[in-house]
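The block underneath contains the structure these notes are about, expressed in structure tokens.
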Amino acid sequence: MDVFALPATRALIRAALDEDIASGDVTSMLTVPPRLRGRAEIRAKEPICVAGTPIVQRVVEAAGVDVEVEERVADGDHISAGDIVARLAGNARTLLAIERVTLNFLQHLSGIATQTADFVAAVAGCGCRIVDTRKTLPGLRNLEKYAVRIGGGFNHRQRLDDGILIKDNHITAAGGITAAVLAAQSGAPHGLKVEVECTTMSEVTEAINVGAEIILLDNMTIEEVGRAVQRIGGRAVVEASGGVTLSSVRAIAETGVDLISVGALTHSAPAVDLSMTLYLE
Amino acid sequence: MDVFALPATRALIRAALDEDIASGDVTSMLTVPPRLRGRAEIRAKEPICVAGTPIVQRVVEAAGVDVEVEERVADGDHISAGDIVARLAGNARTLLAIERVTLNFLQHLSGIATQTADFVAAVAGCGCRIVDTRKTLPGLRNLEKYAVRIGGGFNHRQRLDDGILIKDNHITAAGGITAAVLAAQSGAPHGLKVEVECTTMSEVTEAINVGAEIILLDNMTIEEVGRAVQRIGGRAVVEASGGVTLSSVRAIAETGVDLISVGALTHSAPAVDLSMTLYLE
Amino acid sequence: MDVFALPATRALIRAALDEDIASGDVTSMLTVPPRLRGRAEIRAKEPICVAGTPIVQRVVEAAGVDVEVEERVADGDHISAGDIVARLAGNARTLLAIERVTLNFLQHLSGIATQTADFVAAVAGCGCRIVDTRKTLPGLRNLEKYAVRIGGGFNHRQRLDDGILIKDNHITAAGGITAAVLAAQSGAPHGLKVEVECTTMSEVTEAINVGAEIILLDNMTIEEVGRAVQRIGGRAVVEASGGVTLSSVRAIAETGVDLISVGALTHSAPAVDLSMTLYLE
Amino acid sequence: MDVFALPATRALIRAALDEDIASGDVTSMLTVPPRLRGRAEIRAKEPICVAGTPIVQRVVEAAGVDVEVEERVADGDHISAGDIVARLAGNARTLLAIERVTLNFLQHLSGIATQTADFVAAVAGCGCRIVDTRKTLPGLRNLEKYAVRIGGGFNHRQRLDDGILIKDNHITAAGGITAAVLAAQSGAPHGLKVEVECTTMSEVTEAINVGAEIILLDNMTIEEVGRAVQRIGGRAVVEASGGVTLSSVRAIAETGVDLISVGALTHSAPAVDLSMTLYLE
Amino acid sequence: MDVFALPATRALIRAALDEDIASGDVTSMLTVPPRLRGRAEIRAKEPICVAGTPIVQRVVEAAGVDVEVEERVADGDHISAGDIVARLAGNARTLLAIERVTLNFLQHLSGIATQTADFVAAVAGCGCRIVDTRKTLPGLRNLEKYAVRIGGGFNHRQRLDDGILIKDNHITAAGGITAAVLAAQSGAPHGLKVEVECTTMSEVTEAINVGAEIILLDNMTIEEVGRAVQRIGGRAVVEASGGVTLSSVRAIAETGVDLISVGALTHSAPAVDLSMTLYLE
Amino acid sequence: MDVFALPATRALIRAALDEDIASGDVTSMLTVPPRLRGRAEIRAKEPICVAGTPIVQRVVEAAGVDVEVEERVADGDHISAGDIVARLAGNARTLLAIERVTLNFLQHLSGIATQTADFVAAVAGCGCRIVDTRKTLPGLRNLEKYAVRIGGGFNHRQRLDDGILIKDNHITAAGGITAAVLAAQSGAPHGLKVEVECTTMSEVTEAINVGAEIILLDNMTIEEVGRAVQRIGGRAVVEASGGVTLSSVRAIAETGVDLISVGALTHSAPAVDLSMTLYLE
């Protein structure tokens, strides 16, 4: 059961249809004969890593319409400009009515996958994962984190309740790294590891000493990250974060960190260019 | 009654909270004392055009929590790195629980407003509007189009039912521009103008002759746009679209078009950088 | 994709089923054998203009039940007392469970279409449109406005965001007709025309002079309407409204107005008489 | 806890606001200054029996806006043309945004109450109740049945699960009135009486003999109703139904029936005329 | 149309899936090949009265997945440890994803039916009904009351609006039993009987005298119940309630009461033991 | 921000109110004067560990009514028969309308907390946690898992996406324990530990050898559990499960396991006995 079958996803698709179509497509009702049938092709207009193809079928279902969908690529495929993503067949008005919602999903999710794939390619051979963050667009988290996986990235926490990440504010509130980590260890659900954010070398030392299982190095310079990795020496998983870009990510990866988290994967991925063309029968 | 008061917006905020918090913030429950109170400041970390400040209060309401919110800027303000967007005061766990959802909204909407403001600035003095499209992210249309207005842009259609825009597929289905425009004119709701997309000069001529009120020049070169504007000679409102960027938009505006529509305003706006800092009491 | 396929419509149908059936049909459970099958016929008991036939199939889908539906007429058909609207076949308890909800939709929508058709017939040959208003019943707007179209009428604004209609309160707030129309023209989305309500001849003159594209003559006598049409002289589309009845509508139409809006089309349409008869197998 | 506080009612109000306002009131945004404040009066324009006044406050709450509401009449009051139903005070744009939704509710509910009161008045002194049916408009049942009560009427079943009403189809399915009533009696929830529909005098006799507690005389002539009342002789509660109008209801009541059910109370009540006037401060 | 087809039930199933699966089944995604197919059997691990089998198919539909379901027993069947309730076939990941939600429904509903059947068996031959109460778990009322019926019990009121049950608080508020019953009788919907709770013999006498149709004997000793039954002498239906257990129910029944209501049927029914085993193909 | 403030919890409360009240409390409307005010006390009728007190205030908010709530105990308090849980003050009809829903929540959640506290007490001093499972009632998971924590227990996974638990079916599908654990380790989100279910000693050995971080001993005898704990020797966290009861739990705990998971905590907790008494003013 994939992310597209989730009840929440299907509710989102219905909301997107409502938001775009409302009481109906005035233009098509005025200019397209009611019983005209057609085929439509969704094509990439640039090279992309595809994510979201199953959404096409789910849009059709959510719309409660009679349209045949043929997926021509699979999520994760790297395709070229001009390649066909999917073919649709049905009533012409219907095809036009669902076009924009379908493309909006595909352009965004493929945008995330494509950008993620670029980051993953940039660290190839370094043995480090590219991971996302909770900096996702409201309502779209499940789909965006799916697109990150499709692009070859990994997911950080899905939500506040499925991971323990002790940040600066928690450390202050708890009275220091040692106190915070100990509190977390003693009460944590048994399946969750304890991760703690550090910004200085002495914090890293403290975190290691108290037994943190994952250390997040936040906004350190590459040199600092390198030294922190040395200091940790394999006693904890190491994550780096903070303003990571495609041009800086390789150098960070080469320090030996296990994970690099990149907020831009989801909050700033540009849409890829896709279009739908209708062929009348 | 602004966009933040709309029932649909408040439902979206609830969905975003659910999506992020689910059964609760494990880390805070383990490390932050339950009755600790604090103040929080949301600050810009780069120069931005702010959009979405009323969302802070609406997140608090949607979460059903007791947090005081003080807005320090108004939507549309251009602020600098370090400026405070809003101050919050309340239970520390609560402040941390709503942090990410609040920032995710603000970063996205301010990102759109900031980028829109850049486009608007680029065409200053040309007497032409920057307008958005229906290429918005699923579930976010109302808010995104609001952010475009805040950035100084204008909105194209909100939905398929509040504007008539005859595109290539409609033209084919109707049997040509003349037939399509006539059909639209005879049946259109009386408050809507008829807009038609043209890609060649002969189509422009045909559209003018049949009385189209708005002509969309799609994917034409700047030279073609210029000639089309001449040909139309004020007999219709003229919109240009297609791959418009910050570097190309000024030249397009100088052709004399009335409107330039830019899909990237909403589908590819990078998030701006904001952060929330907690001060314990 | 018609109005019956809209997610909002399907949600309404589910709500209507919930509202009527709740935990189940006690009477049928007690008196009808569980596996008994039957056929049902929905018939008109008076002459009507049918609207809403596709709802039958949608009710079946929303109910998640196994019932075959055969539509015997098409929306817009004028049928006689005794004519069959639709045939259903399935489990007898199921047919009885969905009867009332189905009829409630059909009776109301056909009631609107039938009454609209009467108004349209009354102005036949006058070249003027009968249009609806926003005076619709809560939750039913899309369907009611659809029924108006089926009856031969046209739709005014669907909502507050897809049309510009400057009324008395706006005029006062803006400081007069000229100020209000100018403000609207300068900021209006480019696809929307500016309509302004006038109640006196001097207001009509002012509206024309400032370039209003549509003039709504509200609660004027037929004589005043006639003079206003003369004064406007084709420089704007003219709409008349205010207490229009079947007996007054023809005289108004003969003044030469382009549109007559009638709130009663949706807020006071009497239901038509339909019934469902079950035939056991 | 009244019907206006029910979660379902508040959901309906939110849906009605969404349906009318969508992304915002374009006209007011263009013509009304953003911070202008005003007072508004909702007045009757004809004599009515008021129903729905608490909806005004609930619309304000559902809209999440800051408007003061002063109810000037109570539901059930009979008021004259010109009387004030409610006063509102707040931001002018906000008042205009919620005007139509508020009036749509009030006009419909007061329409039902007013018409019901007419029926009740028509049978004054006869000792018989006017009752509604399940022929309500989709989504509005609770409110409509409330309005019937306000008008002096009584409610029949709310839903299929809170009353036992054996109709022709059930009788056929069960194999006759006796079989149907016996089946219902033996399995009915202990708090529900068994009602059975009869269309002939022999059916009435059969129903009485088997111990039906309520007998519905459907579509009988007034003479037949009178004879049935005699035949029943107080051994069952007697309800009459079928095409009852204001002009026929008195004669039916005078036959001595206990209840007269009228579908038109809810499915065909014309809206009453109300208006809202804004006074700027 | 059964309880499983109700829109509210289907919404509950979607909520349960969301609650359990959220963004996806991490374990299965990591360990189960994506295209592996399997069959699954749901078996009872103890003797039970089955309730809820149709939920399996409804879970599949709500999940929007492609799984074949074969029901092997019918609701109400008494089966033994090891018996198969249902067989499923489909993608292995999918079968695992829906396992827990499906079993959670079945275990709870069969638990209620099984316990109800025990109560019903305990009063066999006494001619008295076992009935439930409104003490149900939030969100589950329709299903729980269905399970009671499957177990051979009967339903008391579904909700506050489909039955009249005058309790101590109402009696105090109304000024005594006589006043309360008279008020209820004069205003009650005509299809509802009036039930009144009594805790002493003098209250019983008062209730009988004023014509209460049902008398609820609350928290009386068995001896008191016996005397009350004598006192009532068939003039009203008699219900007993209050701390009824499997060991006490028979003695109560033998007093001659018509109904015994048991809150524990729904609020304290232990789950029955069911398991799902997967067979890979 | 506690579990009662979650949007999903508030939606559940609204659903529970709808489910119980529907169109209104008929009995109270007939017998309780509309403006009568009262105070109400919710009391325990047996010794309990309280869970859910904040729900009282949330029910009031969800109902949109004006009732003052005074919590007299805190969640987690162990109180005696007769102790007051909360006091309410407001309109008498309103207090009666929300009584049942409020008590249904409190009785169930306190039932879970009380039973959990019994299990926790039974293993006192053993250094082992009592944990829940995903065997929760549909729609109630968040609240039920909260009640487990209140009773002194700990939570296992909330959902399928926040923990890795490899069970028999996964092992078969992956081709053995070693293959399954390795696959999970290589792809697991970095914050999640890998848990694997074992039913034999050789599986335990295999799981330890491949580096499983948590081992679930399912349905083993106490002797087997003891030997497995020895074998594991601290190299993994050890959880025991399978038919655990209050009488068997101590012996299991004394084997030295770290966790004992008990499905009955949530799926079979009997409701505690609470009542609300109304005092009229």
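Each chain carries a letter (A, B, C, D, E and F) given by its place in the written order, and its residues are counted from 1.
Just so it is clear, a contact is a pair of C-beta atoms (placed from the backbone, for glycine too) under 8 Å apart; a residue touches a chain by one contact, two chains touch by 3 or more.
Computed from a prediction, not measured in an experiment: that's the story for all the values here.
Asks: Between 0 and 180 degrees, and as a multiple of 5, what angle does the rotation take that fits chain B onto chain D by Cα atoms?
Replies: 120
Asks: When I count C-beta pairs in contact, which pair ends up with more: C-D or A-E?
Replies: C-D
Asks: With residue numbering as the guide, point to the option in B-D, B-C or C-D that repeats B-F in over half of the contact pairs.
Replies: Of the listed options, the interface copy of B-F is B-D.
Asks: In terms of CA centroid distance, which chain is the most far removed from chain E?
Replies: So the chain farthest away from chain E turns out to be B.
Asks: Based only on mean CA positions, could you tell me how far chain C sits from chain E in angstrom?
Replies: Chain centroid spacing, chain C to chain E, equals 44 Å.
Asks: So the centre of each chain is just the mean of its C-alpha atoms; given that, what is the distance between chain A and chain F in Å?
Replies: The separation of the two C-alpha centroids amounts to 32 Å.
Asks: Can you check how far apart chain E and chain F are, centre to centre, with Cα atoms defining each centre and the answer in Å?
Replies: 21
Asks: By residue number and range, which residues of chain B touch two or more other chains?
Replies: 8, 15, 21-25, 97, 141-142, 158-159, 161-165, 189, 192
Asks: Report the residues of chain F in contact with chain B in the complex, numbered from low to high.
Replies: 1-3, 5-8, 10, 58, 61, 141-142, 145-146, 158-159
Asks: Once bound in the complex, which stretches of chain A touch chain C?
Replies: 14-15, 17-18, 21-25, 62-65, 91, 93-94, 97-98
Asks: Show which residues of chain A lie in contact with chain B when the two form their complex.
Replies: 8, 12-13, 15-16, 19-33, 36, 38, 92, 96-97, 100-101, 103-105, 107-108, 111, 134-142, 159-167, 169-174, 180, 183-184, 187-189, 192, 263-264, 267-268, 270-271, 277-278, 280
Asks: Can you tell me which positions in chain F touch chain A when the two form their complex?
Replies: So the residues of chain F in touch with chain A come to 129, 131, 154-159, 161-165, 189-193, 195, 214, 237, 239, 258-259.
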